[in-house]
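Multiple structures follow.
Each of the next two complexes has chain A plus one other chain: chain B in the first, chain C in the second.
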Partner chain A sequence: MLLLIAGTMAVLLVRNLFVATMLLGIVSFTMALIFISLDAVDVAFTEAAVGAGISTVLYIGTLALVGSQEKDQPKFAAGPMVICIAVGAVLYYATYEMPPFGHADNPVQTHVGPRYIQDSPTEIGVPNMVTSVLASYRGYDTFGEVTVIFAAGIGVLLILRQRRRRKNEDDETDVPLDKGKTGRSGSLSGLGSEHDLIPHVIAKLLIPFIFVFALYVQFHGDFGPGGGFQAGVIFAAGIILYALVFSLDLARSVINEKVILFLISAGVLLYGGVGVASMLLGGNFLDYNVLSSDPVAGQHLGILLVELGVGITVTAAMLAIFYAFVGRADLIAAKAEQEKN
Partner chain B sequence: MLSLSSQYPILVAIVPLMAAPICALLRGKTAPWAFTTITSACTFYISIQLLFSVASSGPISYELGGWAPPWGIEYVVDLLSGFMLVLISGISTGVLLYARESITKEVAPQQLGLFFTAYLLALTGMLGISITGDAFNVFVFLEIMSLSSYALIAMGERTDRRALTAAFQYLIIGTVGATFYLIGVGLIYLMTGTLNIADIAARLPEIEGTRPILAAAGFIVIGIGIKLALFPFHVWLPNSYTYAPNIVTAFFAGTATKVGVYLLIRFIFTVFGENYSFGELGLTDILLPLGVLAFLTMSSVAIYQTNIKRLLAYSSVAQMGYIILGISLASESGLTAAILHIFNHAIVKTGLFLSLGCMFFVVGSTYLKDLEGIGKRMPITTFGFVLGGFGLIGVPLTPGFISKWYLVVAALEKGSIIGYSLVALLMISSLLAVLYIWRVVEVAYFRDPPDSVVKREAPMSLLVPTWIFILGSFYFGIETSFNVGIAKVAAAFLMGGA
Partner chain C sequence: MSIGFFNYWVFIILLMIGLYTVMSRSNLIKKMIGLSLFQISVFLFYISMGKVSGGTAPIVVENITDGVAPVYSNPLPHVLILTAIVVGIATTALGLSLVVRIRESFGTIDEDEILEMKDGA
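== the complex of A and B ==
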């Protein structure tokens, strides 16, 4: 807990943005540890994968674009400070009449909770109750969340691509991206340097395990902590690592932007498709019971498919964001080089 | 097999949702637009069917995933949400009819597939918020709507790069609003153990007086207030509306803030109940002055704008003030006026932004100085704009008059000195509206157009949808049985059934 507070304060005070990013990673890991001590393993897993993992990578990608030093000394802003303190005070005020922490008679434990705990093994038959709540009882929320990720990916593509096109129109000529030349200084697509042997070897050893682990998390979500969100992030992290070490162009040749756009849509369609299929079979939207003659088997099948949909969309969205950022960096670097010549 | 109509509640949300990823894969200039328009028209049709069936046979509940609430998520269509569905999908469809030529001026052709994907997602978000009966599901769809609207607003960037900062500002403020809402819902879950709106409403009375619930109500009201541009949380709105592409502004002006109002009404009347909201929380004392301040100050600010789009944006914040005032009166007639004005303002403002979009299409600017003598250059468009302006002022025969009439009645019902001074303030605000509309009229008709330009109208594909909205607004201003009727019944239902 203290580490959390210290970390957050440090992020506020540190001037170097690179350091701040690393500290944010630490804060996320601490959060994950706190979640574990609260027995929320799934949440902790997500926090570690998303907060400490992928968002740190994306931050670094952004920093490569904008540089790691803050431009001006920020002025002390009184307004936001007052708002923050007021919010804190209201939350503190509210804690006084909250039910005692972790008590068995709390409304959270006595109202909808017991049904999930008692009936989900027979109704859904998945050992990990978190998965059954996420993917089935409240499956529609998860569908919404996938759509949120989809919307985020679309938003990034829309804005960054438009910027790029506009730049090109202004220049009247397409900025040439010479693909063969990797290791160009300042460019991210040539980020992977050919001479650093150690990162290459380590990455080659690690990446297969990352993918296998991602698949394990994906398909084992029914039994242990995990599921589509975490798996998608881990899978994307594997590809991003590859891009960082071996250059983006190689990663692009494995999975390019068109494929990503297709995958990002396919995941949502798969999730929704399961819902539509259950409607066509006479149930309500996302009613997995009708997917198979045996309701429990139907639930299994439904959860497996929707988690797969989640995984695909999350992977593709993360990659889309990463590519879009790095693509921008490329463009700037290429432009700078052009001006030099 | 299934009967299709029993699936309508879910179809209205997932038809645009599922269409979005398909649209992302479409290429070309017309295909994404045509696909989006057809999708939106489908939702409009379904919404009308839903509204009819609710009006004849009462609220509909739909259990998602086949799980009964409160364990699963429930969709609930009552008269108010059905009304919102029709309004949102109707405006969306109308704006889309207009979009085909208009948007090619503002967004790169290669981007259209993704642009309309974002548009569909925004539509999905709004419909989802209106129809769901689950407090957390609201948050999910709020995020879908918000994320896509940030991207849509940023698309105005080819015309004016300030669209990017406007979108960023909205993103920061909007995220704070969403977070506040989430904290509020979290606190409610902590105290009641449920997320289903009807279930929360049933369990709240026992624990009404406790501090967490008080804090939750505060967070939720402020969070929604930010989303609906409640004065003084409106700072994001003028920038966003000014720099967004024209069809996005027209779409959001009619729907996005209205969804916020809908949520506020839901929480005040359905979840917390009017006794708690106006008794213990004392929302009248908070919302009434804010509403009055909104329409007085924002109408005044609108007078001094040099960009008509920004002028209309400030006028939107002012009009939200009327709606908030109606809610804060805590009476059935006040609520009727508020619901009525949601509808009336949406249709009038969309019409206005669309006619402004016609001017932009031809002239390439919405600044007053570039539109001198526009009344002679584009007579049909400008006449439409002026008629829409009458709606904002509240001239008889326009819907603006109807909603102001109900608002005045509600204020008088309140009696005492407050009621009478409210009426006076409403009159002053209407005069301010006359002033800002007059500024446009003056520039449009009493200045000579620059010599070099010739008379040129916007193409029919823009004019026809614009006039549908303008004439539609007059229709609902004269033949009021639809909008007034539904507003009355919905208000009575909310006040009685809370």
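== the complex of A and C ==
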């Protein structure tokens, strides 16, 4: 906890944006550990994969485009400081009205929570309550959230992909990629070239396991921590690692942008399609009971399909965002180089 | 970790650091980072509320050895925050892509410099 506060203070004070990004990753990871100690294993999983993994890659991708030094001297801003202290003091005062931490009779625990905990094992038949609440009881919300991710992916593509990419610029493509990799692990410079044996070999060894792990997380999410969101992010991370180590063009030849665009919409359509299918079978929207003759089996099938849809959309959206950033980089790589030096 | 309101106080401190970063720094990337901190602190708040002392992760335990029914923490905040994290990264990516475009149009990602440019023009 105190580590967390120290980390965030450092993020605030440090001048180099690159260092700040790394520190943000550390803060996210510490937060994931705290989530585990607070029993939120699914959330910890997501935070570690998203906060410490993908978001760091995205920030570094941006920094490669915009330069990493904060120009302005961080002056002491009195106005914001006064506001922050005042708001903080009010909130601090308000904590004394909060119900005691960890008490089983707190208002939070007495509304719908017990219903989920008691009935979901028999109604849904899925041991992981987080999965059953996510995909079944609150399936409508999750559908909305998948749509938000879909919209964000499309939005990034629209913002960053206005100009057409020129062809035959393999050399330039590698420049921003090197930076991204250097930032992630410090000493590994000059990646993306054919001469770096160690990262190539290690990545080749690791990537299949990353994919297998992603599939495990995807399909075992009913029973243990995991599910479509985490699996999608891990899968995307595998492909991003491939793109970072063996140039973007190779990654594009595995999954190109058209396939990604297709997959983003396919995931949302699969999710919506399950909902419509349950309507056609006489139930409510996203009411999985009617999908099979046995309600519990129907719930299983519905959750599996819906999580698959989530996984596909998240993977594709993350990859679309990554490709958009890196694709942008080779457009302005030369310009960014000049600014940095 | 379960000493009174300690988690809530940490949440407040993190929230205020995030807010201060957003308000006081003129660099747009730093602002995005501040927003992320703000977001993370809210996650901590939700998850802290869902915790039940002596509870375990909300995954059904089949074989109970000591004969005591397990206490589960509240799964609902977990679900909300899980989706919020992924949606958060998607919106962060959108913000960062806007920063990239701003940099291309104005040549800087410093808010003050952009405003000066606007006044000068």
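Everything below uses one rule, namely that the second predicted complex is superposed on the first by the 289 of 341 C-alpha atoms of A that agree within 3 Å, B and C clash if a C-alpha of one lies under 4 Å from a C-alpha of the other, contacts with A are read in each partner's own complex, and residues count from 1 in each chain.
Please note the rule applied: a residue touches a chain if its C-beta (ideal position, glycine included) is under 8 Å from a C-beta of that chain, and two chains touch if they have at least 3 such contacts.
Keep in mind that what you see is a predicted model, and the values were worked out from it rather than measured.
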Clash or fit (per the criteria above) of chain B with chain C on chain A: fit
Contacts of A:R138 with chain B and chain C, given as first, second, both or neither: both
Which superposed partner A:I321 touches (first chain B, second chain C, both, neither): second
Touching partner for A:G275 - first (chain B), second (chain C), both, neither: first
First, second, both or neither for A:D42, with chain B first and chain C second: second
Partner chain in contact with A:V254 - chain B first, chain C second, else both or neither: neither
Chain B versus chain C as contact partner of A:D287, first or second or both or neither: first
Partner chain in contact with A:G113 - chain B first, chain C second, else both or neither: both
Which superposed partner A:E97 touches (first chain B, second chain C, both, neither): first
Touched chain A residues, chain B compared with chain C: C
First, second, both or neither for A:I202, with chain B first and chain C second: neither
Lowest inter-chain C-alpha distance for chain C and chain B in the superposed arrangement, angstrom: 6
Shared chain A contacts, counted only where both chain B and chain C touch the same residue: 91, 95-96, 98, 106, 108-109, 112-113, 116, 138, 141, 145, 148, 152, 155, 159
Complex interface listing, chain B residues touching chain A: 1-2, 7, 10, 14, 17-18, 20-22, 24-25, 62-67, 70-73, 107-108, 110-111, 114-115, 117-118, 121, 124, 128, 134, 136-137, 140-141, 143-144, 147-148, 150-151, 154-155, 157-158, 164, 183, 187, 189-194, 203, 210-212, 214-216, 218-219
Contact set on chain A toward chain B in their complex: 90-91, 93-99, 106-113, 115-116, 136-141, 144-145, 147-148, 150-152, 154-155, 157-159, 161-163, 165-166, 261-262, 264-266, 268-269, 272, 275-276, 279-280, 282-289
Sites on chain C touched by chain A in the complex: 1-2, 4-10, 12-21, 23-27, 29-30, 32-34, 36-37, 40, 43-44, 47-53, 55-60, 62, 71-79, 81-83, 85-94, 96-101, 103-104, 108-110, 112-113
Sites on chain A touched by chain C in the complex: 1, 4-5, 8-9, 11-12, 17, 20-21, 24, 27-28, 31, 34-35, 37-43, 46-47, 50-51, 54-55, 58-59, 61-63, 65-67, 70-72, 74, 77, 79-81, 83-85, 87-88, 91-92, 95-96, 98, 100-104, 106, 108-109, 112-113, 116-117, 121, 127-130, 133-134, 138, 141-142, 145, 148-149, 152-153, 155-156, 159-160, 223-225, 227, 229, 233, 314, 317-318, 321, 324-325, 328, 332
